[in-house]
Amino acid sequence: MSSRSDFLDFLARSGAVLAKDWRTELRSRYALNSLALFAFSTLVTVSMALGPVGSSPLAQPLLPVILWLILLFAATAGLPRTFVGEEETHTAIALRLAGPPEAVFAGKLGFALSLTFALEILVVPLFLAMTDLSPKDPGLFVATLAACGFGLAAGSTLVAAMVAQARGKGTLFAVLLLPMLVPLLVMAVALTRAAVSGEPPVVEITQVLLYDGMVTIGGFLLFPAVWNP
Amino acid sequence: MLTFSDLARRFGRHVVLTGQSGTVAPGQLLTVLGRNGSGKSTLLRILAGLLVADRGTVEYHEDGRPLSLGERRRAVGYVAPDLSFYEDLSALENLQFFARLRGLPSTAAEEWLARVDLPPERAAGALSSGMRQRLRFAFALMARPRLLLLDEPVQNLDAVGATLVRTLLAEHLSGGGAGSGAGGGLAVVANPEPLDLGRPAESGDHVLTL
Amino acid sequence: MKPTTLLALGAIWLSITLAIFLAFLYAPPAKNFIGESSRILFFHVPMAWVSSLAFILAGVASVRYLRTRDVRFDHQARSAVGLGLIFGVLATVTGSLWARVMWNSYWNWDPRQSSIILALTFYLAYFGFRSAVEEVEARRRLAAAYAALGLIVAPFLFYIAPRIAGFTLHPEPILNANLKVEVESRMRQVLLLSSLGFTAFFVWLHILNCRLLTLLEARDAKSLS
């Protein structure tokens, strides 16, 4: 067995989990609906509450904060489903018996990533239109959304796997996830602010990538212990 | 060869297992008898690696090689009431997914679905409880396991289904089954009353009463 | 009590008592600090140091628990997180008192204050998480994974987030990146003594706490059989 074919085998198994998650998701639309509805209603509420202030220069420094809070709360509403659903319907047992934990984690991470990026594609253009925000550095703006979205999805996937086996899953998810996501959010806001104003960012995007990398590696190392007795 | 010794488990203040031991060799069947709540399911979940014991050890060898906890979990064929499937997916889609996750060809899914006589297109959520039980057998046997762990295997099954299960189990033990290997497969069956396999009690078959 | 234990306890008592006296009578007030306010540093710095030590210890014990599944490491992690929280609260309170004197407000969301509050929230959630998992084995395993995750996240909490905020009024930490101790020598002596005393005090509490957790568990197991 070469390491290359082992890797392809791993990809095939993770791909099976990802494909299964999207297939069930497209039939039930549970996570998609809650994510989209949550994001959309928050978006409307926020822009209505801001009123004309939203598009005035005064609000400019605050808009990146609002954008990331919307994305964060929409993510906490939808992402835990990936694991909570498996435990609640007891399908987690078959999953444990059939697949190596690393492949399960990779598949779930892929699902959370695609869901997060779908959320960003849905929310960000609407947000920009509603607040008259136009990033002066679109490249940095997109890179920030991608890098910080990745960290959001990776952190959420691991924490979702943890809370799925506990009581009071919804509240617990936010309680465990928010303290660990704060460094990421602070970086996300700083980078978005720089992308909007066109000024050089006070934080390097490589620091976000470092966070993403650490959380992902940590996820792969810790997940087998989280998932299996 | 499956060996477990001195297995104890409690849930909170409730003690379920108090130091059970046993051995199962190829071709042998261990029947675990006991009333509801006596710890049969707990014992099987520990043997499957889905639960760890507070005390005691489980050792499982295939071809003379000891399997780790993770390997054992993926090597056993486990059928129990708590095994569930994705209700939004059809029976076939469910099996195909688990086949891919196990690295098996997807033809294994169709083959086993036909073997347990299930309609492939019906959503798992729309299956009757007897049909779900058949799906559990297809899921467990698809990977051609050497060791079968069956918790109340004939519950909810009609006469035809029960006969099918007896046939599958007898084949598995005799070595004629899909993956039972030389010397026959191993099986642990938990049931409230002895299960009539329609075969004479082999030497080495034994009963553990909880 | 064994004579060595007695001796160790005596040394802890002596070093802390001595540090208290020296902090007020021997060390000079630091330059650029209002009045005598710098004297609280002799307590604030050891508290912050012991708190970080406890959280790192909890992370390491958790990783070892996941590798060995030895219950003693779970007790160690649980004990260290609890003590880390107590020392962390003390560090926050002493820092906040000092901030009242220096910055004229107890709390002004200085990045250092934000990161310690976040760290305390993270480790408070550790106990919330534990109590939310009914099954004992799962509780140990999941809590250990969470505390191990703390090892990954904490560096970002303490080093990256404050840098981004762009400014901090907090003096450069005594244990700074250059590992250069930039304090007057008499202050340094007292700080060292106080840090040693409180670290030893923490170790003693930690040992007692671990023993207590082991005994409590043995009692539970006994009441069942």
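As written, the chain order gives the labels A, B and C, with residue 1 at the start of each chain.
Heads up, the rule we're going with is that contacts are C-beta pairs under 8 Å (C-beta built on N, C-alpha and C of every residue); 3 or more make two chains touch, one makes a residue touch a chain.
Just so it is clear, the model here is predicted, and its values are computed rather than measured.
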Per Cα centroids, the chain farthest from chain B: C
Centre-most chain [mean C-alpha coordinates]: A
Distance between the centres, which are taken as Cα means, of chain C and chain B, whole angstrom: 50
Computed distance of Cα centres, chain B from chain A, in Å: 38
Euclidean distance of C-alpha centroids - chain A vs chain C, Å: 32
Residues within chain C bordering two or more other chains: 134-135, 137
Shared interface positions of chain A, touching two or more other chains: 229
Multi-chain contact sites of chain B, meaning residues that touch two or more partners: 52
In the complex with chain B, residue positions of chain A that touch it: 9, 12-13, 15-17, 19-20, 23-24, 27-28, 89-91, 93-101, 103, 224, 228-229
Complex contact set, residues of chain C against chain A: 66, 118-119, 121-122, 125, 128-129, 132-135, 137-138, 141-142, 144-146, 148-149, 152-153, 156-157, 160-161, 163-166
Partner chain C, residues of chain B touching it in the complex: 10-13, 15, 52, 54
Touching residues on chain C, where the partner in the complex is chain B: 69, 134-135, 137, 224-225
Residue numbers on chain B that touch chain A, as the complex places them: 48-52, 69-70, 73-74, 76, 78, 82-89, 93, 97-98, 100-103, 139, 143
